[in-house]
Amino acid sequence: MNSGVFKSARPLAAAAAVLAFSVLPALAQETTPAAPIMDKGDVAWMMTSSLLVLFMALPGLALFYGGLVRAKNILSILMQTTMIAAVMMVVWVVYGYSFAFGGSDNPFFGGFGKLFLSGVTLESMSATFTSGVVIPEYLFITFQMTFAAITPALIIGAFAERVKFSAVVLFSVLWATFVYFPVAHMVWDANGYLFKMGAIDFAGGTVVHINAGIAALVGCIMIGPRKGYGKDMMAPHSLPLCLIGASILWVGWFGFNVGSNLESNAGATLAMINTFVATAGAILGWSLIETLHRGKASMLGAASGMIAGLVAITPACGTIGPVGAIALGALASAICYVFVSAVKNRFGYDDSLDVFGIHGVGGIVGALGTAIFSAGALGGIKGDDYSIGAQFMIQLTAVVITVVWTGVASAILFKIVDLIVGLRVKSEIETQGLDQPTHGEVAYHS
Amino acid sequence: MNSGVFKSARPLAAAAAVLAFSVLPALAQETTPAAPIMDKGDVAWMMTSSLLVLFMALPGLALFYGGLVRAKNILSILMQTTMIAAVMMVVWVVYGYSFAFGGSDNPFFGGFGKLFLSGVTLESMSATFTSGVVIPEYLFITFQMTFAAITPALIIGAFAERVKFSAVVLFSVLWATFVYFPVAHMVWDANGYLFKMGAIDFAGGTVVHINAGIAALVGCIMIGPRKGYGKDMMAPHSLPLCLIGASILWVGWFGFNVGSNLESNAGATLAMINTFVATAGAILGWSLIETLHRGKASMLGAASGMIAGLVAITPACGTIGPVGAIALGALASAICYVFVSAVKNRFGYDDSLDVFGIHGVGGIVGALGTAIFSAGALGGIKGDDYSIGAQFMIQLTAVVITVVWTGVASAILFKIVDLIVGLRVKSEIETQGLDQPTHGEVAYHS
Amino acid sequence: MNSGVFKSARPLAAAAAVLAFSVLPALAQETTPAAPIMDKGDVAWMMTSSLLVLFMALPGLALFYGGLVRAKNILSILMQTTMIAAVMMVVWVVYGYSFAFGGSDNPFFGGFGKLFLSGVTLESMSATFTSGVVIPEYLFITFQMTFAAITPALIIGAFAERVKFSAVVLFSVLWATFVYFPVAHMVWDANGYLFKMGAIDFAGGTVVHINAGIAALVGCIMIGPRKGYGKDMMAPHSLPLCLIGASILWVGWFGFNVGSNLESNAGATLAMINTFVATAGAILGWSLIETLHRGKASMLGAASGMIAGLVAITPACGTIGPVGAIALGALASAICYVFVSAVKNRFGYDDSLDVFGIHGVGGIVGALGTAIFSAGALGGIKGDDYSIGAQFMIQLTAVVITVVWTGVASAILFKIVDLIVGLRVKSEIETQGLDQPTHGEVAYHS
Amino acid sequence: MKYVIAVIKPFKLEEVREALGGLGVQGITVTEVKGHGRQRGHTEFYRGAEYTVSFVPKVKLELAVDEAIADKVIEAIQLAGQTGQIGDGKIFVLPLEQAVRIRTGETGAAAL
Amino acid sequence: MKYVIAVIKPFKLEEVREALGGLGVQGITVTEVKGHGRQRGHTEFYRGAEYTVSFVPKVKLELAVDEAIADKVIEAIQLAGQTGQIGDGKIFVLPLEQAVRIRTGETGAAAL
Amino acid sequence: MKYVIAVIKPFKLEEVREALGGLGVQGITVTEVKGHGRQRGHTEFYRGAEYTVSFVPKVKLELAVDEAIADKVIEAIQLAGQTGQIGDGKIFVLPLEQAVRIRTGETGAAAL
């Protein structure tokens, strides 16, 4: 994955994103290489990575968000996350994989070639970044499927506690179709628009976090703030659940970031150490700022820093060094902190669980910071011919394109969903909590 | 494992289930192959798989069940699960492994050859499905041990909130000895009765889920319904705990299903994608049916569908295709839904956490569905010489044999346990909750 | 890792602990071996192991401890664990790795050679126990970093519910610097003092558990008992959280123990089965003793046995057999039980979450038991030239040195921290609970 | 008007509510409480620590009733709440001077 | 002195407290309770099981007040607690014979 | 008979119960409540949001006692519950007209 991203980082890597080697001679025509190698160690790691990303969604993200809402709404969060993951997996098999990686040479669309995974067999292989090294295509499909399953679920935190269940499900499918699959194709496919531009996005900061963060902002503005927002007590109903979720996100994120290396090699271990220490730096950063600003470091602050750091290191983890990673994490925390604690209150939008404030903002910090910290002089792996300024402009362009694409498209899709099923529950339901009216259940009994 | 299952699926696979290659020349006499290969990637994946199955039991299953009972009984569930896992691991080392895989050529019994793991050393290797590829025998023992540890724990959900702790422990040991080990031998050992019959059971739908599901039904009927059943409020005390458990079961189930491939190769990745999407299909299925039937999709419903899908895909994951997997998952949800919400109420047995309704019924749907969806025409990997009808009859026979064996034996064992220690706690204890009287603890304090 | 430990266990293993093969010819001078081999299966397993150890800390340990305190203090535990992990990761990159494994030939100190990981690149490799087999140095650094991150967090359980947050953070950094890094160097580095002595400590029972357990005892004595200790009700506020934590510790501990093998081979699988069954033996042991002593087996008892067994098997898992492991686990439970339920009350120290009673005592039982059960006659892998008595004396010496070092140094460091920021919160804060006054948050709302 | 306070065993709540419903009494306010009385509590062990819990979970009912039916209400609670075993609880009757329905502002018996 | 007990909708608590604050009434004790009355509960489904929950979450306020302001207090609660929809709750007034401030031992109106 | 209601600091419960036990008073019903009074609450922060919590956790005791010992009971609670710091709580005494023991049907002082 992320071949485009990686092209400049590792000149030896095959540019090809996903090739099916179902018939080996076919390949031989082009390069007469040795037979492509499928290493069982790569397969083991990529299978583990796929599970880790599932683990991020369920129960990771579900708990992280679920702990933050009031007890009367937790089931709605858990259910929305579960349902989005399930729907996206089915959609992925039916047309998502094809739309993103279906093999067309259009820069925005993967085509209809692999609807229902047609043509994929036990023998189909996908390329990695090392020439001649492949993994089973079923594995590539699975790994990518987990990304598609979690991304729309990130968005729901912004309008938690008031959105209609049917609206969430419908929006997710539409958004995946018109935003996620195209952007994934643009960034990760060898023919993709941003891929060709040379943007560095190791594990999907643009596709996943900026994409979801901006959609979240648009959504919470269009749906409007929660009843009683800014007046009623809306403290998280269970911070322990929230920390369980955040910790699982951290552990699972290694599937996301390190798995994006597609191979179990030294490059993977660099992505790993960076994903550890950027997060550590971000936790420290957030807690320090909070201590300076408020006199106390909160556990929710540490958890928020954790996520901010993970978001920021996502595009950068393959090309920067550990010391740079610590700095990038801390920087992301500082900037996200400002958005979450000042900008949001200033503008009055109710991004309930700070999806924009952390995923959107952290994603942008990460995308731009990648340009800076990838430089060899700052501990990155880029050599002498690397220009921070030039790369920064490429990263900025990728960010702007993504922000505009997802911003405009999300606004249109929210409007459509509003017209079809309505975005928001009735006021009495919001007061009572979404769980019983929408799902017929109550989370806690004695 | 599951060699028998796989024989027709992959004709190249070695039929041998577990061979110890402690002296390599010994092997050379038979086939003069190259020295057997132990690939570190296989070892890495199988170690990961073993942990995933442990994770399913603790805390996965414990929480899934624990969240569903009332707060006064949660510790009893957590404790029963923990204790069963611990007892079974010790029993496995002492005689379980030998009874199941001890090397005898009896079709129902593995013999006494490996009591206390005698003869197993760092050099002992077990065969996989690929000729010449082996894994350390300690690893095969460990992987299989985790299956033995979780299976009896599945049963306890059927008579939760009223069973005696001592009865659970005693029953589990007896049941493992007289039901689980023999059935495991029958299905998974090269000399096993069902193995030779040609039943397809990739990861143990018969041995684990049908086996446990039927024992559960027998148990809950013999123990009788909970006091106040059908009258008192018995809502789950914590659905969030329940979803954490269900999600961990999903994640861990990949150890179960994909690990059953014994190798980290393309076949494993097919089992993996199927385990993803069947579950997704089942979640959607259950939620859709619930929406049609009741007007609301519940989170517990989604979690129930999740488990039903996982159960159903267990035997099928190695031989069907992803689209078939989605269909099989949805089908399992539909049928389990009927049992859980109509059949149970109609007949009045109190299968408290729906072990029969989901594991038993889902297991049977999976076993029979495997025959159908394995056909190449339906996306499976079986070729032209495959007959759905013939395979269906084999699967049905395997199901019937298992149902009868476990049904009869379980009834006898429950009776014996009743005579020795009694199955059910005193009425006052049931009212008070099992936790304090049985374990001297209360789950929650302020 | 643990080369020293392993030297006698596997004579073939390379003694070298951490060598950077950045320039391959440099190595050629010594042995003219074939080019060192980095196997992707090893990398896959070691990456997984690193994540498992992170998972132990967050959320494993955090929940295990967090569930045991009163609701008003849970966030303080979660926050301390998170903050220690984050701080230690940053410290590790800055100077910890260098102090422990910086390449100096001093027996107590690794030197300043690798401050800020200087000189480490994508090409740097670290040796394993098999000659010619290497793993990326970034991976070795990461794996070891997770050990450094969790160890100081173990200590905090002893003085939970009354210690100052700033004191915990400051103490952790000092303790890591003056106790953990030196002891890690002594035990694991090829030039380390205890390494050369021939002590067997497969996965760090000395460095991690005895080290932390003794520091914990010193800490809780110096800080004094909780207000109302022995009088007020201080029951765990959530045993389910505690069991989630304990189970995650069990699962994660395989990263700890099996990862310490550095390779994904048969030796790893022995460490794995031992880590399974010793824990099972310990669970049974604790529950049995409790049943005999009190008439009831408690869930907290089973969880405590789980941890005691894991601690005890840590040094032993590479050199003993599964039956010995069961016995060692049961033995550890028996002895820990005495400390936790009798010795503690007798002497009146308030080791709140029994860090000394389980990690300290269990660690010592494990270190000494390793000498016994490693003997071939008792199922271990040691040959005829092995002397239990001689090894026992070596183990005892290693234990005594560690106890004295950590005991004295910890006392001095606690004193220093007391002088700088104070160890204990004000009495009113202790009554109110640490969460709101220290972190500005309350764990649970409705 | 009388203000009746009853402390009962938690699992008797539904039966008592039904008995009151039988008398036409609908308005009830229920609180989860802990009781101390003749009924002993229990002992809990957590590793080395043993705690004696002297309080037992109970449910408290409060209902404002018209003088006329007070006796029937008391009798109904007493009968439905009884198990005959220690810890069945108590009924207390206090004088009630005024009652107001918040929704309508109605007062007195009309508000009950 | 009067002992005023009010059962209100939970989300009205803050408004009622402010209204009382406006009258200079500070001392209040609040309990989370479940109410049964005209307002219907709801139905919950858990797989095959359907439960009708007849109790609705409410908040109970207790406040001891001087005779002189009792009427104003009642009025304030009634106004602030009102939504006009069923289930708004009740106010009950009981006679209060004595009040003691634990900290100082003060009694009577001085203790309120 | 008197119905005594006392609001105290939670960590004082055990001491107060013992003091009452010393007087031979066994029957008590306890509720976890939140109090508002002179004692200030606290402030909580959750990312951008700051909440002022004006209620403080308290424990409410209810006990029906015989007229004869009412004063001693009040005194015992006041002494045992006192810390001297703001927020120690209040004791309220209401008239009690009737008491019934559910188990036996006994009434009046015999039921206490």
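By letter and in written order, the chains are A, B, C, D, E and F; residue numbering begins at 1 in each of them.
The rule we apply is simple: a contact is a pair of C-beta atoms (placed from the backbone, for glycine too) under 8 Å apart; a residue touches a chain by one contact, two chains touch by 3 or more.
None of the values given here were measured: they were computed from a predicted structure.
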Using the stated contact rule, I'd like to know whether A-F or B-D comes out ahead in C-beta pair count. A-F
Comparing each of B-E, A-F or B-D with C-F, which pair has over half of its contact pairs in common by residue number? B-D
Through what angle, between 0 and 180°, must chain A be rotated so its C-alpha atoms fit those of chain B, rounded to a multiple of 5? 120
How many Å are there between the centre of chain A and the centre of chain E, using C-alpha atoms for each centre? 47
Whole-Å gap separating chain C and chain E, where each centre is the average of the chain's CA atoms: 53
Approximate Å spacing (C-alpha centroids) for the pair chain A, chain C: 33
Please set out, as single numbers or ranges, the residues of chain F touching at least two other chains. 31-32, 44-46, 53, 94-95
In chain C, residues with contacts to at least two other chains: 39-42, 44-45, 48, 233, 235-236, 238, 244, 294, 296, 298, 300, 440-442, 446
Listing every touching pair of chains gives A-B, A-C, A-E, A-F, B-C, B-D, B-E, C-D, C-F, D-E, D-F, E-F
Chain C contact footprint on chain D (complex, rising order): 44-49, 51, 53
Touching residues (chain side chain C, partner chain D) in the complex: 233-236, 294, 296, 298, 300-301, 304, 340-342, 344-345, 354, 357
Mind pulling up the chain F residues that touch chain D in the complex? 3, 17, 26-31, 62, 64, 94-103, 105, 111-112
Counting only contacts in the complex, chain F reaches chain E at residues 2, 5-8, 31-38, 54-55, 58, 60, 74, 77-78, 81-95
Would you pull the chain A residues touching chain C in the complex into a rising list? 39-42, 44-45, 48, 52, 70-71, 233, 235-240, 243-244, 247-248, 250-251, 254, 258, 263-270, 272-273, 276-277, 279-281, 283-284, 287, 294, 296-300, 302-303, 306, 321-323, 326, 381
